[in-house]
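You will see two complexes here that share chain A, one where it goes with chain B and one where it goes with chain C.
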Partner chain A sequence: MEILLIPFIIALVALVVPSNFMRQFSLLGGIISLAATSIRVASFNSSEFYAITQECLTNFGLTFKMGYDGMSLFMIVLTNLITLLIILSNYNRELSSNRTFTSLLFFMQFALLGVFTSFDGMMFYIFWELTLIPVFLIAFWFGTAGNKPALMKFFIYTFVGSLAMLISLISIKAYATSFAHDDLMAVQLTAKSAFWIFGGFFLAFAIKIPLFPFHTWQPNTYTTSPMAGTMLLSALMLKMALYGMIRWMIPLAPEALAEMTYPVVVLGIIGVVYAGVLAIKQNDIKRLFAFASISHVGLIAAGAVLIGQDNWTAVFIQMGNHSLVAVGLFLAADIIEQRLGTRSLSDLGGISKVAPRFAFMFGALVLASVSVPLSSGFIGEFLLLKGVFSYNMVIGVIAGTTLVVGAVYTLRAYQLSMNGPAKTAPFADLTWNEWLAFLIIMLIIVSFGVCPQTIINFVGPSVKNLIESVTNTLAK
Partner chain B sequence: MSVEQLIPIIIAIPLLVGAINGIYGKNLSKNIVGSLATLAVFSSFFLALFVFFNLDEAVKINLFTVMKLESFSLNASLLVDNLSIWMVLIITGVGALIHLFSMGYMSHDEGYYKFFTYLNLFIFAMLILVLGSNYFMLFFGWEGVGICSYLLIGFHYSDAQKGMLNSLAARKAFIMNRIGDLGLLVGLFLILSQFGTLEYTELAAKIKMDSIALDSEFIVAITMCLFIGATGKSAQIPLFTWLPDAMAGPTPVSALIHAATMVTAGIFLVVRSNFFFDLAPTTQHVMLYTGLATSLVAAFIAMRQNDIKKVLAYSTVSQLGLLFVALGMGAYTAAMFHVTTHAFFKALLFLGSGSVIHAMSDEQDIRKMGGLKKFIPTTHLTFLIGTLAISGFPLLSGFYSKDEILGHAFEHSTLIYIILMISVTLTAMYMFRMYFVVFHGKFRGTHEQEHHLHESPSNMTIPLVILAVLSIFGGLLNLPGIFLKKGAHWMSEFFAENTAGLKVIHEHMDSGTTLALMTVAVLVCLGAISICHSVYVKKELLPVEDKDLKGWELASANKLYFDEIYNFLFVRPMEWLSIKGHQFIEITMLNGIVSASTKSIERTGDLVKKMQTGKTDWYILWMVFGIVGLVIYYLLNF
Partner chain C sequence: MEALIVIFLSGLISLFVAFAKKPLYVLITACTGLITGAILLINQWNTPSTLFASYKGLEFNHTSIAYSLVAILFTFLAILAGYKSFKDELEHTGDYVALYIFSLTGAICMLTFTDMFMFFLGLEILSIPIYVLAGTRKKDVRSSEASLKYFLMGAFATGILLFGIAWIYGATKSFDLNTIAMVIDGEAKHSSLLFIGVLLMLSAFLFKVGAAPFHFWGPDVYDGSPSIVTGFMASVVKLAAFGAFMKLFGTYFTGLHDFWAPALMVMAIVTMFVGNLSALSQVKFKRLLAYSSISHVGYALLTILSTDPMNEMNLLFYLFSYGFSVIALITISTILNDEEDRLEAFKGLAKRSPFLGFVAVLSLLSLAGVPPLVGFFGKYLVFSSAFIQYPTLVIIAIVNSGIGIYYYLKTVMTVVSKEETTENTAILSVSGLQWFVLVVCALGLLFGGIATSHLG
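On to the complex of A and B.
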C-alpha cells in the first residue's frame, strides 16, 4: 500500500512546500519512493502474487483488487526510477521549483503506479484516466505557447480511445460477477464478441502507444510539451498501453487473437518502417526523436501481441530499455535547446568540441539506441526481431530494416549536432545533475545488456502464469 | 595454466586496459597510455602463442549463460581450436605491432588516450568474434567491431576542414555494415528455427547426422544470409563502397581494421560455417562470382587512384574478392593461408603508407611525392617488400598463397583462372605504379614538406621491419607439394586437425601443371613491374591531372561511378520518401482525415445549432413536424 501512498502524499505536501526548497524536496521524494520500492523488490519472490488492498465486492462489481506480481513490480520499479530520473534531469531547470509542477509530477507517478497495480478492470480504467490529467496539465501550463491545438488533439484522441476501452470493459463484465482480473479472464467469449472487446481495448492502447495510423497526435504533442512532459509521455505513459495489452487486452479476449494478431503485427511493423523513414529528414531534433520513438515502440507492440514466454519477456526488456533511452535522448535534446535556443539540426554543429562530457554521454546513448552489444537494446531487439521472424519471415525481415534505418536517423542527428567544426556559441558542458542522470541511465542499460537474465528471472514466472491461464481459458 | 584459464585472460586484458585508459587516460601521460595499451596486446599475443603450442584438441569454455529462455538459450562460451587460435595470433600479433606503430604515429594527437581505448576495445571485440563458440557470440563481436570501426573512422570528427567528411565516411561504413548485419541476423534466426541451437560444434554434428540433401532450400537460405553478412563486413559487391571511404580514419586504423583483421571477419564467418556452405553449391557459386567481380572491379578502380591510401583500400577489396573466389571453390584452407599472408603484407603496406604520410606532413596525393627512397630508406625498403609480396613476386609470401588459390581456380575452370589472372596482373600494375611514383623520380612536394622530410622514429620502423620479415617468409607456412616431400601444406593440415567440418582439399594437379602455372604467374608479375618501370621511371611519366583523364582512365579514377549510382538509386529516393512521406501521408492524408472528422463534427454541431434559434414559433413548427412524423410512422406500422 505504501507504494501508492508515498507519491500521493508527496504530491499533496508539495503544494505547501516553499518554492526555494522545492527542488530538494522533489529529489528527496523521488528517492524515497524508489527506496520504498526497493524494499519490496528485496523481499520479492517472483512466482508469487502480493496483494496490496483488501478485496471486497461492491454492488456493481468493483472489487478494489490491487497488488503486484513480477510484471507489475517491474513496471513499478521502472515508473519510480524514471520519475527520479525526470526530477534529476529537471533539477537545474526553472520548472523544478514550481509547486504545481512538482505536485502534478508526483500525482502522475501515483496514477501510473495505480495502473500497474490494478487487478480490477474498473480500477485499471480509473487510474488509466487519472494519468491523463497531470500529463495534460503539465503540457498545457508549462509547454510552449500556442500548443493548445496539439494538446486538444491529444486529449480528444486519447479520450475516444479510453471510451472504447470502457465500453469493452463493461460489455465483458456483463458475463462476469465482478471486474476482478481473474473473473474477467475466466469469461468465455464468442469469436464475434471477443473481436469487439479486443477492438475496444486495442483502440485505446494503439492511440496511447501510438501505433500507425493513430499516431498523428504524437509528434506535435511531444515537441510542444516541456521536457518533463515529453519524458512522461514517452517513457511511462506509452508503457501503460504496452503493459495493458499484455495484462488486459490479450488475457480478456484471447479468442480474438487468431484473427487480430496479424493486423496488429502488421500495423506495428508499418509504424517501424514508416516512422523510421520519416525520421531520416527531420530537422527538429526533438521531432526526430518523437518519430524514432514511434518506430521503436511499433516493434514492441508487435512483440506484445505475439503471445509467448520469450516474446513477452523480450517486451519487458525492451520496454525498460526504451524508457531509459527515451529519457536520455529527450534530455539531450532539451540540453541543446536550453543552451542554444534552437533545436534545428541545420543550425547546430561542433558541440562535441566544446562540451566533451555531453558529447560522450549523448554518443553513448545514441549507440544504445541503435542497439549495440553491451546495451540492453541489443538483447531486447534481438529477441523481439526473433519473435516477429518466427511468426512471419517476411514481416520479420521488414522489421529488421530498423537496424539500418535506425542507424541512419540516429547517427545523422548526432553527427549534425555534435561533429564538425564548432558552429555555435559557447556551450556549457553538463551540470552535475544532468551528468548523473546520464550516468545512471547508461549504467542500467549496460548492466542489463550484460546480464538480461535478471529481468528474465524477475518477470518470467508471472509471464508464465498469465500465459498458462490464457491457454486454459482458450482450451475450455 | 590451462587453456581454459588462459583464453578468458587473453580476451580480458585488452578490455581491462581499454577501460583503464578510457577512464583515467586523460590524466596519464601519453607514454603511459600508449605503452599500457601496446603491452596489453603484446601480452595477449604471447599468452596466445603459449596456448597455440599447447593445444591438442578443440576446447570449449563455458563462461556464463547470457539468457536462458524457453525456446533456446544463449551462452557466453568460447571455442578454442586451430582456426580460432590462428585468428587470435593474427589479431593480437599484427594488432600489437600496429599499437606500437600508433604510439609514434599518433604522438601529436589530442585524442591520444581515446584512440588507444578504441583500439583496445576493437581487439577485445575481434577476439570475441573469432573465439565465440556460437553465432550469437560471433554476432556480438561482429557488431562490436562495427562500432569500433565507426568510432575510429570518424576519429577526427571535429577537424575544421574534414571533420564532417570523416563523420560521413564513418556513418556510411556503419550503415552499409548494418545492411550486411541484417542478413547475418536473419541467418541466425533461420538457424535457430531450423536447428534450435547456435553452437558451431552442435550444428556441425547435427548436419552430419541428418544427411541433408545438397542445396536444400533452407540451407541455401541460411548460407545466402550469412554471405550477405560477409559482403558487408568484407566489402564485396554490392556493399564495398564504404571501405575506400573508411580511409578517412587514421592510418594505423586502416592497417588494423580495414586491412588485416576486421574485413577478414566475413572470410572467417564462411570458414567457420563450412559445414553449411559445403551443402549449398548454389551459394558457393554466388560467392565465387561475387568475389570474382569484386576482385576485378576493385583492381580496375585502383589503377588510376592517386591517394596512396585509396589505392591500398581498393587493393584490399580486390584481395578480399580473391579470397571469396577461394571460398566459393571450397578451398577454405587456401583462403585462410591468404588471409594470413595478406594480414602481413597489407598491414605492412598501410603502415608504410602511414610512415610516408607522416614524413610528408600529412600529404596523401602520390603526385605530390616522388623520390622518397633516399629520404626514408627503411620505409622505402619495407614498402618495396610489401609491394613485391602482394604482387606475387617469386618466393615471397604472396606468391605461395595467391598461387594456391590460382591453382584451385585453374582446376575449377579456365575462364575463372583467366579472369583471376587479369586481376592479379592489374594488382602488380597499380602497386608498382604507386611504388615508382612515390619513391622514384624527383621530389614534387613543397619546400616546406621537403624540409620536414624525415624517417619515422624507431617505434614506427620496428613494426615495419618485423612485418617485412613476415611478408617474406610467411609463405613457408603452407608450402606446395612440389617443393617438399614432407611438411608441405603444414597450415592446411593444421586447420583440418580439429576445426569442425574442415577438411584438407588439395589441388590434384601434376607437378608439371603446377610449375607451368607458377611460371605464368612469375612472368606476369615481372612483366607488370618492367612496364611500370619503363613508364614511371625511365620515361618519368606522371599520373595525368584529373582534367586530362579520358576513356577507361576517367572511369577508373571516378571509381566506376558506384557512389553516384548508389546515390541515385538508394540515397536520394530514400530522402525523397522521407520528405514527401512527411508532407503527403503524415500532414495531408492522416492529419487531413483527423481534421476532416473533427470538422464534420463541428458542422453537424452548426446544423443543430441553427435549429436553436430561440424563436418560439420555430420551435412550435418543429414540434408539429415531429408529431406529424410520429403519427405517420405509427399509421404505417399498423
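On to the complex of A and C.
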C-alpha cells in the first residue's frame, strides 16, 4: 500500500512546498519512493503473489484487488527508477522548481504504479485513464507553444483506444462474476467473441505503444512535449501497453491467439522496418529518437504476442532496457537543445571536441541502443529475434534488419552531432546531475548486460505461472 | 407525503417572507423547507406510504424516494448557486425561489405518481414555473424567445401526451397504472388503441427529455434562459422527465416492450449522433451544454431500453452524475458572467482562479466519462447493463463518447490554457454559497463513483 500512497502524498505535499526548496523536495521524493520499493524487493519471493489492498466485492463487480508478483514488481521498480532519473535529469532546469510540474510528475508516478499493481480489470482501466491526465497537462503547460493540435490528436487517439478496451472489459465481464483478474481469466470464450475482445484490447494497446499504423500521433507529441513529458511517454506510458498485453490482453482472450498472432507480429515488424527507415532520414534529433522508439517497441510487441517463457522474459528485459535508453537519449537530445537552441542535425557537429564527457556518454548510449553485447539490450533483442525466427523464418529475417537499420540511424546521429569540425557555439560539458543520470543508466545497462540472469530469475516464475494458467484455459 | 406538503408550503411561505425585503430570510425559509422535506423522505424509507387510504395517487417507495432526494439536492444546489443573482432583484427574490420550489413539487409528483392524473398534474406543476423562469431576463430578447418557445412547444407536447393518455384510457378503461399494466400483460392480443396511445406518449416523453428529433427547442431555450434556470432544467427537469419515462416505459409498459423498443432504439441512436455532431462546432457555452445534454439523453435512453432489473437505479445514478457536472459548470459560468456567454470566456480560467479551473476541468472530464470521476461510473453502469441485450447499440454509444471527447477536450484546453485574453482580467468574485456549491459538486464528482459502488 505504501508503494502507491507515497507518490500520491508527495504529489499533494508538492502543491504547498515553497518553490525554492522544490528541487530538493522532488529529488527526495523520488529517492523515498524508490527506497520504499527496495524494501519490498528485498523481502520478495519471486514465485508468490503479494496483495497490497483488501479485496472486497462491490455492487458492480469492482473488487479493488491490487498486489504484485514478479512482473509487476519489476515494472514498479522500473517506474520508480525512471521517475527518479527524470527528476535527476531535470534538476538544473527551470522546470524543476515548478510546483505544478512536480505535483503532476508524482501524480503520474502514482497512476502508473496503479496500472502495474491492478489485478482488477476496472481498477486497471481507471488507472490507465488516469495516467493520461497528468502527462497531457505536463505536455500542454510546459511544452512548446502551439502544441495544441498535436496533443489533441494524442488525447483523442488514446482515449478512443481506451474506449475500445472498455467495450472489451464490459463484454467479458458480462460472463464473469467480478472484475478480478482470476475471474476474468476463467471465462471461456468462443473463438468469435474472443476475437473481438482481443481486438478491443489490442486497439488500446497498439495506439499507446504505438504500433504501425496507429503511430501517427507519436512523433509530433514527442517533439512538442517538454523533456520530462517525452521521457514519461516513451519510457513509462508505452510500457503500460506492453505490460497490458502480457497481463490482460493475452490471458483474458487467449482463444484468439491462433488468429491474431500473425497480424500482430506482422504489424510489429512493419513498424520496426518502417520507423527505422524513417528515422534514418530525420534531421531533428528528438524526432529521430521518436521514430527509433517506434522501431524498437515494434519488436517488443511482436515478442509479447508470441507466448513463451523466453519471449516474455525477453520482453521484460527489453522494456527495462528501452526505458533506460530512451531516458538517456532524450536527455542527450535535450542537453543539445538547451545548450545550442537547435535540434537540427545539420547545424550540429564537433561536440565531442568541446564536451568529451557528454560525447562519451552519448556514444555509450548509442551503443546500448544498437544492442551491442554486454549491454542489456543485447540479451533482450537476441531473445526476441530468436522468438520471431522460430515463429516464422521470413519475418525473422526481416526483423533482423533492425540491427542494421538501428545502427545506421543512431550512429548517423552520433556522427553528425559529435564528430567532424566544430560548427557550433561553445558547448558546456555535463553538469553533475546530468552526469549522474547518465552514469546510473549506463551502470544498470551494463550490469544487466553482463548478468541478465538476475532479471530472468526475478520475473521468470511469475511469467511461468501466467503462461501455465493461459495454457490451462486453452486446454479446457 | 408530508415531505411534499412541507416543500410546497416552504415555497408558499417564501413568497410571503419576501415582503420583508430581506432576501436572506427567503433563502433560509426555502432551505429549511428543502432540508425538512429531505429528512421526512429519508424517514419514510422504511415505511412506504400513499396519499390517502382510499386514493393511491402518489407512492413513496424506495425508487421514488431516491429519485426525489436527488431532485431536492439539485434544487437546493441550484437555489444556492443562484442566490447571488436573485438577491439583486429585491422585489423578485421570493418569486424566483418560490418558482423553483413549486417546480420541484411538480417534479416530486412526477417521480412518485401511480396514476395518469397525478402524472399530468405533476408535469404541469413542473413545467409552468419553468416557462416563467425562462423569461425572467425581461429585457433580453433571447430570454423572452426562450420562454415563448419553450411554452409553445411544451404546450404542444402536453397536448400530445394528453391525447396519448386518452387513447390508453380508451384501451384499458383506467388511469391507474397497475390496472393498465394488468390489461397490457393480461391480453394476448392488444387493441390498436393501446399502440397509438403508447406511441403518442413516447413522442411526448422524447420531447420532454429533449431527444432527437424532438430536440430543437433545447439549444434555444438553454441558451436564452438565465444560467441558473438552464442548470435547473438540465438537472431537475431532466431527472423528473426521465423518472416518469422510466416508470411508465421501464416498468408498466414492459408488456409492449417489443413494440416500442425498436422505435426508441432508432431515436436513441439519432439523438446521440445529433447531440455529439452538433456540439462539435459550438462557440457558445450554453449551446454546447445543450447539445452535450442531448447526447447524454441518448446514452440515458439505453437504460429505458434495457430490461435489466437494476436499470431504474442505473438511470438515477447516471442523471445524478450528470447533474453535478452541469450545476458546477453553470455556477462557474454565472461567476464568469460573460454577456454573450462565449466559450472564450473560460480561457485561462485555471490561471485566474485555480479552484474554479479545477472544478471546471473535473466537470468536463466527468461529462466526457474519464475515470475515476463519477461520470465514468454512470456511463459504465448504463453501458454494461444494456450490453447483453443491445451490444451494437452500446458500441454505437461508445463511438459517440469518442466523438464527444473532442469538444470536451477543446473546452478543457480552453480552461487550462496559458494565454490570457486581455479582456478577462476582472477579478472573479465568488460568493460563499457558490463556493459551497462548487465544493459539493467537486466532492460528488471525485468520490461519487467509489462511494456508490459501496452502497447497497
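Brief remarks on what is shown
The criterion applied here is as follows: the second predicted complex is superposed on the first by the 476 of 476 C-alpha atoms of A that agree within 3 Å, B and C clash if a C-alpha of one lies under 4 Å from a C-alpha of the other, contacts with A are read in each partner's own complex, and residues count from 1 in each chain.
To be clear about the criterion, a residue touches a chain if its C-beta (ideal position, glycine included) is under 8 Å from a C-beta of that chain, and two chains touch if they have at least 3 such contacts.
Computed from a predicted model, the values in this text were never measured in an experiment.
Taking chain B and chain C in turn and counting the residues of chain A each one touches, the greater count comes from B.
Looking at the shared chain after the overlay, A:Phe60 reaches chain C, while chain B stays out of its contact range.
Of the two partner chains placed by superposition, only chain C is touched by A:Glu129; chain B is not. Of the two partner chains, chain C is the only one touched by A:Leu137; chain B is not.
Legend: residue contacts after superposition of the two complexes on their common chain; A:Pro373 is shown touching chain B, with no touch to chain C. In the superposition on chain A, contact is made by A:Lys173 with chain C only, not with chain B. In the superposition on chain A, contact of A:Pro263 is made with neither chain B nor chain C. Residue contacts after overlaying the shared chain place A:Pro421 against chain B, while chain C stays out of touching range. When the two complexes are superposed on chain A, the residues of chain A that touch both chain B and chain C are 156. Contact residues of chain C toward chain A in the complex are 365, 370-372, 376-377, 380-381, 383-384, 387-388, 391, 394-395, 398-399, 401-402, 405-406, 409-410, 413, 416, 418, 453-456.
Listed in rising order, the residues of chain A touching chain C in the complex are 58-60, 62, 122, 125-126, 129-130, 132-133, 137, 140-141, 148, 151-152, 155-156, 159-160, 163-164, 166-167, 170-171, 173-174. Within the complex formed with chain A, the residues of chain B that make contact are 64-71, 125, 140-141, 143-144, 146-147, 154, 157-160, 163-164, 166-168, 171, 174-175, 178-179, 181-182, 185-186, 189, 192-193, 574-575, 577-579, 581-582, 585-586, 590-591, 594, 598. Every residue of chain A that touches chain B in the complex is listed here, in rising order: 153, 156, 213, 216, 274, 277-282, 308-310, 313, 349-350, 352-353, 367, 372-374, 378-379, 382-383, 385-386, 389-390, 396-397, 400-401, 403-404, 407-408, 411-412, 415, 418-422, 451-453, 456.
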